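A, B and C label the chains in the order they appear, each numbered from 1.
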Amino acid sequence: MIERTPVLNLVTHLILLFGLAVAFVPMWLVFTASSLTIQEINAPPISFIPGDQLLVNLTAAWQRAELGTKLLNSLIVALAVATGKILIASLTAFALVYFRFPARMLIFWMIFATLMLPLEVRIVPTYAVAANALAPLQAILDVSGLSALWAYVTGVNLVMEWNLLNSYTGLILPLVATATGTFLFRQFYMTIPPEIVEAARMDGVGPLRFLRDMLIPLSRTNMAALFTIMFIYAWNQYLWPLLITTDRKGYGTAVMELKRLIPTASTTGGGTPEWNVAMAGCLIVMLPPLVIVALMQRYFVRGLIAADK
Amino acid sequence: MADISIRQVYKSYGRTEVVHGVDLDIHDGEFLVILGPSGCGKSTLLRMIAGLEAISAGDILIAAKRVNDLEPRQRGCAMVFQNYALYPHMSVAENIGYALKVAGIAKAERLRRIATVAATVGLGDFLDRLPAHLSGGQRQRVAMARAMIREPQVFLFDEPLSNLDAQLRVQMRIEIRRLHRRLATTSVFVTHDQIEAMTLADRLVVMNGGTIEQVGTPSEVYHRPASRFVGSFIGSPAMNFLAATIARPGIATIRAGHAIAFAETDFTAPPGTQVEIGIRPEDLIVTSPGTPDAIEMQVEFQEELGAGRLVHGRFAEQDFIVQLPAGHKPVASLSLFVLAPAQAVHVFDAQTGRSCRAAACSTGPA
Amino acid sequence: MEHHAQFRTRWLVALLLAPQVLLVFTFFYWPAGAALFWAFTLEQPWGGGNAFVGFDNFTSLFADSFYWASVGRTIVFALASSCLAMGMALVLALFCDRQLRGYAYYRTALIWPYAVAAPAAAVAFRYVFAPEAGVFAGLNAMYPGLWNPAMSGTDAMIMIIIAYSWKFISYNFIFFLAGLQAIPRSLIEAAAMDGSGVLRRMRDIQLPLLTPTVFFLLVINITDSFVDSFGIIDITTEGGPAKATNLMVYKIYFDGFKGLDYSGAAAQSIVLMVLVMALTFVQFRYVERKIHYK
């Protein structure tokens, strides 16, 4: 389209450049801060020019927050959650789309309705369940009288306990259920022409073979998209790791450890706040998701838009 | 190779019944075409034969074996779908050979058979391509090859040509016909295109509203339509219909007082019966003005077809079409007088829409 | 969906659904049920389990002025952060969609903040807004006490709103841009043929057609601000100073885990749950309409 609007074009670029500044300046300040000495950083005004202390500060942050262990924990959790979500979402959607059974809509809505129950609104009782993941089962058995029956028959009281606190299972399992992922896969499966499953049936294929030969190869792009957003989601989790890990040394994740690096009156003990080290830690912790987004940008945008529809 | 028996087959989705008790025998080796408008139940019937839809009531037998409860793979049918349903992530060779792979046939044997079938349909050079990189005609051939490689007892075609352009459609039609001559496999072909149906069929089944209207050879269905629906659905331009009353054997009167003669030996409606007279545009003969009982049609406009000329107009407050033979000069007058030969006049009961023919073509098993 | 559903193997369906159903039951529905139970009961001081107290927990909650203060701050936070994040994103998306030179770079650059963990952004902004070292350090040196989120509730609120919105600008931008690109090019061209200029087209064509996206994002932004603000608050202010940033979600955490008032926290959870449900319901209605349009 031929449209000559030089002034407006200039304004457009200015607006967009302002947007870029908003996006980049805070992170640039993090970067410069993490390369300054403690004296430089506490001398106003704030510096936009990096210093030469980057490695020193990175090392200090790495050691002080034991980021080696924490990053490894974060990586394990993020990988497991993302993989688990893909696995569970694809299987659930497969059952919901390709099978005919009575409670189909009920189960669909049951999963979908979990969108209305974010962790933050059920945090205390979810913590209680995590302390003993078998408590719901025990309660059901107690109420239904099956526990009493068991005790009567065997003479042993039925006590089931499965504590998830301070464990990878506890960090991972409650985050794996996924309504958005299931919805994404369901939408994708429904865009595959139904004739494909019919042709496959005519070719003599059963459900599992259909899943393996058709759906999994066809959903590679979807899996990549979901993996990207879910990896970032899991890496950036804060509240749940905070609750479920009392043993921060062994099971703390990188993102929640950030708080320990923030200089406050109690940690500095009246000394000069070490913002340079805190920012170095911040830099390290936010890097992995950024790398993932940089590598998988196409999938990231796609997954994000598809998942929230 | 097998014959197929369809006995009192019904299909309902919840409370909606879409196929109402169909009886049909498909002979071994025949090419049967099911024709009907969209939503008439023809595809549903085909899918019930394939095993893709459950049968609500009745029985389907393939080679004298009841197949109601068999999985599609156990029925010995192969199917060509309207949108081809090629597996998008598999090459042409993998698409064609997939059924054999599932059946556990060794790779060497598989490759040999893929090569043979691919050569038959002219796909030898495209075996490594993905479906996305094929033209519409080539995709159609892959779908055919995929059905052929299994050497099925029955071929099922679900409007396989409707996604092709006109020229390719004619070409594929000929190829399908040629293939059937060579393999002589029982074939059931569903379409809404009457030309496709007329040219391909050994026998034609016309369906409407979930029931069979008529079964017969294309010629029978065209020349002796068993119902008003069949008469109107087959033939282009469409049959003219005129409301009339039987005056005496062999003569019906149109409201305007015109009498129309029909072949009385064929039709046995008692005098006084309300009927609809059907006359195909190509059967009408131009006559001179003033001929007794000639239909005087008000001419509106004309269409030159090359192989003929269509005259559109009105008669008895209805649209009326006459097809003139090639070489006929344009009609210059405002009205045209035409006569219908008695043997070209079709008579349908106004109430039931069925033909008043004494021995109307059977609707049930032949 | 009906045409796809070709298989019927019951045991396989059970097997495929079991993991998700068990997880959803154990970690979503059971805790939600437990929250309900706690909200309507009270633990007895000398043991003996929980006694049913009806709406007492809610009555005392609604009589608590601290709670209403928290609700008020939550609303302020939700509206301010949604407007900020959506407004900026909308302007950026509208101008980015003009697809002038460098369009692809702008687009890429504006997307990435979404990948930054909210707590990491919070740490960053805590530094950027630190009174002694951040952007206001210079001003503070001249006028002591001008800016201090650790002392001033207003400053703290401004800080968490900006820290929270920063990331959501990207999120909204992605959706606005996708929404704009879904508008057929021919419409823009038709408007141009009708003599409508760039800004006029934004107002007359693009904005009206973007209304569904705006509405959808508004609901998402508000819902998320109710729950997702936790990390930001915990890292930057911990609800302070003097509870100035003690939003509903943080109060639940604080009363439940620090105050060990399970019944009170559960009652607050239920209120927040109802709010989220209401918003999600509104969104469902919208999703339904959108499906209709297709």
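Basically, a residue touches a chain if its C-beta (ideal position, glycine included) is under 8 Å from a C-beta of that chain, and two chains touch if they have at least 3 such contacts.
No experiment lies behind these values; they were computed from the predicted model shown.
If subunit A is disregarded, contact among the remaining chains splits them into the following groups: B | C.
Across the structure, the highest number of inter-chain C-beta contacts is found for A-C. Averaged C-alpha coordinates give centres for subunit A and subunit B that are 57 Å from one another. Subunit C has its Cα centroid 59 Å from the Cα centroid of subunit B.
Separating the centre of subunit A from that of subunit C, both taken as means of CA atoms, is a distance of 16 Å. With touch defined as above, residues shared between interfaces to two or more other chains in subunit A number as follows: 198, 201.
Residues of subunit C in contact with two or more other chains: 6.
Counting only residues that touch two or more partner chains, subunit B has 52. The touching residues of subunit B, counted against subunit A in their complex, run 47, 50-52, 71-73, 77-79, 81-89, 98-99, 102-103, 146, 150.
Subunit C contributes residues 1, 3-10, 12-13, 16-17, 19-21, 23-32, 34-35, 38, 88, 91-92, 95-96, 98, 100, 102, 106, 108-121, 123-128, 130, 132-135, 137-138, 140-141, 166, 169-171, 174-175, 178, 188-189, 192, 197-199, 220, 226-228, 230-231, 234-235, 249, 252-253, 256-257, 262, 265-266, 269, 272-273, 276-277, 280, 287 to its touches with subunit A in the complex.
Residues of subunit A that touch subunit C in their complex: 1, 3, 5, 8-9, 12-13, 15-16, 19-20, 22-24, 26-27, 29-30, 33, 41-42, 44-46, 88-89, 91-92, 94-101, 104, 107, 110-111, 114-129, 133, 136, 173-174, 176-178, 182, 189-190, 192, 194, 197-198, 201, 206-208, 210, 232, 235-236, 238-239, 242-243, 255-256, 258-259, 261-262, 273, 275, 278-279, 281-282, 285-286, 289-290, 292-294, 297, 300-301, 304-305, 308-309.
The touching residues of subunit A, counted against subunit B in their complex, run 193, 195-196, 198-205, 209, 213-214, 217-218.
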